[in-house]
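In the two complexes that follow, chain A is the common piece, with chain B as its partner first and chain C second.
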Partner chain A sequence: MKLWKYILIRVLLVIPTLLVLLSVVFIVLRMIGDPITAMVGMKAPPNVIASLREEAGLNKPLYEQYIDYLYNLFTGNFGTTMAVDHRPVLDVIMDRFPATLELTIAAFIVSVLIGMLTGIMGGWKRGKLDASVRIYSIVSYALFIPWFGLLLQLVFGVYLRILPTGGMADAGLAPPRYTGIYVLDSLIAGNLDMFISSLKHLILPALTLGIVLSGVYTRLLRNNMIDILGQEFILAYRARGISDSKILLHSIKNAFIPVLTMMGLQFAILLTGAILTETTFSWPGLGTMIVERIQYTDYTAVQGAVVFFAIFVAIVNVIVDIIYAFLDPRISY
Partner chain B sequence: MKPASHGLFSRLISRLSKRFAGWRTAFMISGLSIVLSFIFIAIAAPILTPYDPTKGSYNVLLPPSAEHPLGTDSLGRDLLSRILYGTRTILIILALSTALSISIGLPIGLISGFYKGALDRVLSFVMDSIYAFPSLLLAIVIALMLGPSPLNTAISIAFVYVPTYFRMIRGQTLSIKSQLFVEAAIASGTRTRTILIKHIMPNLLPTLVVIFSINAADTILTEAGLSFLGYSVVPPTPDWGYDLYMGRYYLLSGYWWLSFFPGLMVVLLSLGFALIGEALGDIYNPRK
Partner chain C sequence: MSGEELLKIKELKVHYYTAKGIVKAVDNVSLELRKNQFLSIVGESGCGKSTLAHAIPRLVRPPGKIVSGNIFFENKDLLSLSDEDIRKIRGHRIGFVFQDPFTSLDPLERVGDQISEVLIEHLKIEKKDAKERAMELLNEVGLTEDRYNYYPHQLSGGQRQRVAIAIAIALRPSLLIADEPTTALDVMVQSMIMDLLQSLIKKGMSIFFITHDIALASERSDEIAIMYAGKIVEQGQTSRIIAEPMHPYTQGLMAATPDIWERKNVTSIPGNPPDLANPPKGCRFHERCRFAMEICKEKEPPLISLKGRKVACWLYSDENGRDN
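Moving on to the complex of A and B:
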């Protein structure tokens, strides 16, 4: 099968994946119990609950709700928020999404860098260094994000006072909005103070999330390196007197391909971590948005954000698969 | 069933002793001792501390002292007592959610891997889709809909981990099914139910143990995450994630112990299971 055909099929497969995910969201949000009662709590007067139910379109029969729900989503209609601002849900999501993107991209870079460095070291050197690399990968996996984030806040924010403990920029230093990604916007605006301020705010959240996620890459790269270094062609290289640095480079290249697949799988974990990191650092992204909107009993906003996460995950996984197909010609289409 | 699983365990032990060398042993021993200490703490909590973890007092926000080794929280409750009793909460939720995940993931994984065909394809597709979804978000939404209680938290966490058990069990069933003793059983006309329960299931046990220990590390973090966000048990039930959340408001004023110790417990318990998982993973998937 040709590469483009594989890509086409992979892209088309997004539709059933999305259908499954959206149905799961629907089942969870509408069929387990009454979402409005769950959010308001039992104390609210019945007429308030009834009017909120009507606003959210929950008083129709379930199959009609399901059809409406799918139709609206596929036409890009996420509804209007039910609390505070009464704006289109998609607008509210788009306000928050760049912050989540900024955090996840930064954390992703941190995790891959640390993971590669430690993994390659452990796989190459073995011995005591390898053991400490393994311990690092286990400990970082077991770290609880809010706790680790608080430790960093305590050290760098409270005792050393060199880094801020929350938010995305200092007061008055928020850059004008072009992309919503502060580090990028401040560069576009050409304001160095703003850039430094947003970078400083990004460091602790990105380190927290990045370090917690790095262990998986450490482990994978270490194991791949050991596998590859044990193969016969490496022995042949050594026999021919090829330098260590060339062998190292060669094995890193080969060890890296499976890491790409892991990046796709890790993406869901990255987003899960982002929810906790955002809450810990008062980072105004999608994670904090969901938590806030649940408090406001904003059913449509919560549903919209959850659906948005589903679409986002599905798309990223396709992209990773396609990149993988390009890089590894052995992939079975 | 009995003799089969007995043989399995003795084989397991002999494999453990054969393969256990150096770091693997260290990982296993430290992991097991952490987990066992937490189980002991959960059982012995009333003996270990004289205070009621849910009863407040006027001694609010006391720093660590001889009377209160970890200080008191904003409602004057002894923090050590809350942490010790919190072990019960998390271990109960872990046990419940694991039992639920396995009782759903095992049978469908077994059937999916054994019969294959259209059902397998549909099930695998659905499970893979759920697997790709951010687990904590799914658990938050389910927990929100069900309302806070240990059982409901366990249900929402169990739902998230069914795909993990499904995938591993299915894969393992596929490989066991292709082995000669199963083929022989099929050829000799053994009933399918007997093959599934007597021939395949006991051989899934080692896999289950490995997935459990790795998953448990994750479950601990998910439960703590849920309760940190406020969707787990109802206060004043002692719960590490929730105590960490409450304590963080006092962090900037210098009351670091309020959030430090509950979080440390989460990390330690999760680490215990992760260490066991790492050691076991090495045995079953030995990479030189």
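Moving on to the complex of A and C:
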């Protein structure tokens, strides 16, 4: 009963967070200059510019624009793109979002797996292994995604020729669209070749992003493990004759809680990283979409994508908070 | 008082290898504990009493190390057992209660599950049976069964310590080591926990009790060992030692203990315990002792038997180790 109250409060708290986020997006996009002039150029006739401004609602006073903006977002109306295709922004986003989701989830799994494995090993065993783990955490964290991506492309795509360097699937092997997530769609379609092709395409981008983001988990888990293993209740477990493997599980559970918080925070970084990764691997996701639309100065599309990211991150963080409440009995709700 | 011998510690040395040097926390300690006996180790903070307690089930953590000696328990030398064999004794034959019940329970596990876990580990029984037994244990230590599903943070300090005791006695160990189990608790709770511990003697356990409180020890234990700077300085039947403390340190400890029934002047022992990385030559207490003689600064006094106890002081023995 109390738990549900806690969840409700967490969910309600998203509203002010989102409001702040949306306002920041609104302000920033209006500070970088007039989007219409930027889009059609200075030489466009004034009446064309004026009609475009009216179409975009830019002729209204700022506060009215702000209210319209919030109202539209609230009703799920992200506007229409201003360049190229003039489609509803949400449609364009939804076209691209599954690819980003596929990449981020895969990268997330890679980063957590590598981070947990290395962190736990370093914290549990110490010594030389621990020293290498610490070096790994610093090096991986310092990697620049496009550079590291290129390196992997070079090694696995060019020299070893075992993995593709870009795209989501080989020509002719793109699965029919159910969810937009290729790995999933190919399974739904029941086509093994398609599945292997999409999985192969996923490996390098997921490794690139996953490894770069794993260092944070490595470091955090290692430090937490050392801290937890030094605590008295671990000694108390030993005094009870509990086996090492069970003590390891208990210590991982304890060390994992701060990592969960980090996962929520990392998700925002994951999406930023996805933009760089997608560009490096020509991955047709939201990241490449944002880059394209920035080049067209298509501000409704950019605004839409940024807002979409913000909502996504906020929702992920609520989910993390809820999992947190289930895992940590000490949390007060 | 006499009974079968349960635990025999022989010339035990435990050292900590620190940056400051080798800290001899337990230095040549020999002790015996018989079945159904309540033995208190009394000493100030840092005298090595806690290290001694941890050393018995080999729980001394680095930089600490058991350097030499023997610990015979139920006819086995614990120091020569394999890691796996000592693990089977811990929690099963030797229970351990820690000082601070706020840190000695896993915050993420239900207290009942923590009791069940130790049962399952040693008896390889089903979860359901373990749970049933854990509920009985909760009753036994004075808690209701519904506490099974509580997390440690939902319980008071006294309740947590009861849980810790329930875990420690879950497998009916013959030896229960309690390392200042009441220090973190208030006086009323302390008294209840002590009653609980004492009741375990009747159930066939022996208690190795660590405390800094000589009054508490004298109230509850059959035998007392006074520890100072890593050594036992006086040891014997509680009644005898309390009636006639012989070692100047024991006398000092007793004089420093307030008595609410009798208004007496509480006098503290001057000075501080020595640095165990660099203990003084001779008797380790000589710098704080009002009876200190020349020999005390030079030679370590042997632990001799006298008036129904053992005492290590030059006041009672000559250089050849004979009684004066």
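In this section, the second predicted complex is superposed on the first by the 304 of 333 C-alpha atoms of A that agree within 3 Å, B and C clash if a C-alpha of one lies under 4 Å from a C-alpha of the other, contacts with A are read in each partner's own complex, and residues count from 1 in each chain.
Note that a contact is a pair of C-beta atoms (placed from the backbone, for glycine too) under 8 Å apart; a residue touches a chain by one contact, two chains touch by 3 or more.
Values in this document were obtained by computation on a predicted structure and should not be read as measured data.
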item	value
Fit or clash between chain C and chain B when superposed on chain A	fit
Winner by number of chain A residues touched, once chain B and chain C are compared	B
Touched partner set for A:235, first chain B, second chain C, both or neither	second
Touching partner for A:190 - first (chain B), second (chain C), both, neither	neither
Following superposition on chain A: angle at chain A, chain B versus chain C, Cα, nearest 10°	80
Touched partner set for A:253, first chain B, second chain C, both or neither	second
Chain B versus chain C as contact partner of A:306, first or second or both or neither	first
Which of chain B and chain C A:243 touches, first, second, both or neither	second
Chain B versus chain C as contact partner of A:38, first or second or both or neither	first
Shortest CA-CA distance in Å separating chain B from chain C in the superposed model	12
Overlapping contact positions on chain A, where the chain C interface meets the chain B interface	none
Residue ranges of chain C in contact with chain A within the complex	57, 59, 61, 87-92, 96, 98, 100, 103-110, 117-118, 121-122, 151, 153-154, 164, 167-168
Residue ranges of chain A in contact with chain C within the complex	231-233, 235-243, 246, 250, 253-254, 257, 327-330
Parts of chain B lying in touch with chain A, wherever the complex brings them together	23, 27, 125-126, 129-138, 140-142, 144-147, 217, 221, 224-225, 228-229, 241, 244-245, 248, 251-252, 254, 256, 259-260, 262-264, 266-267, 270-271, 273-275, 278, 287-288
Chain A - residues contacting chain B, complex	16-17, 20-21, 24-25, 28-29, 32-33, 35, 38-39, 131, 134, 138-139, 141-148, 150-151, 153-154, 157-158, 165, 223, 226-227, 230, 265, 267-269, 271-272, 275-276, 279-280, 290-291, 294, 302, 306, 309-310, 313-314, 317
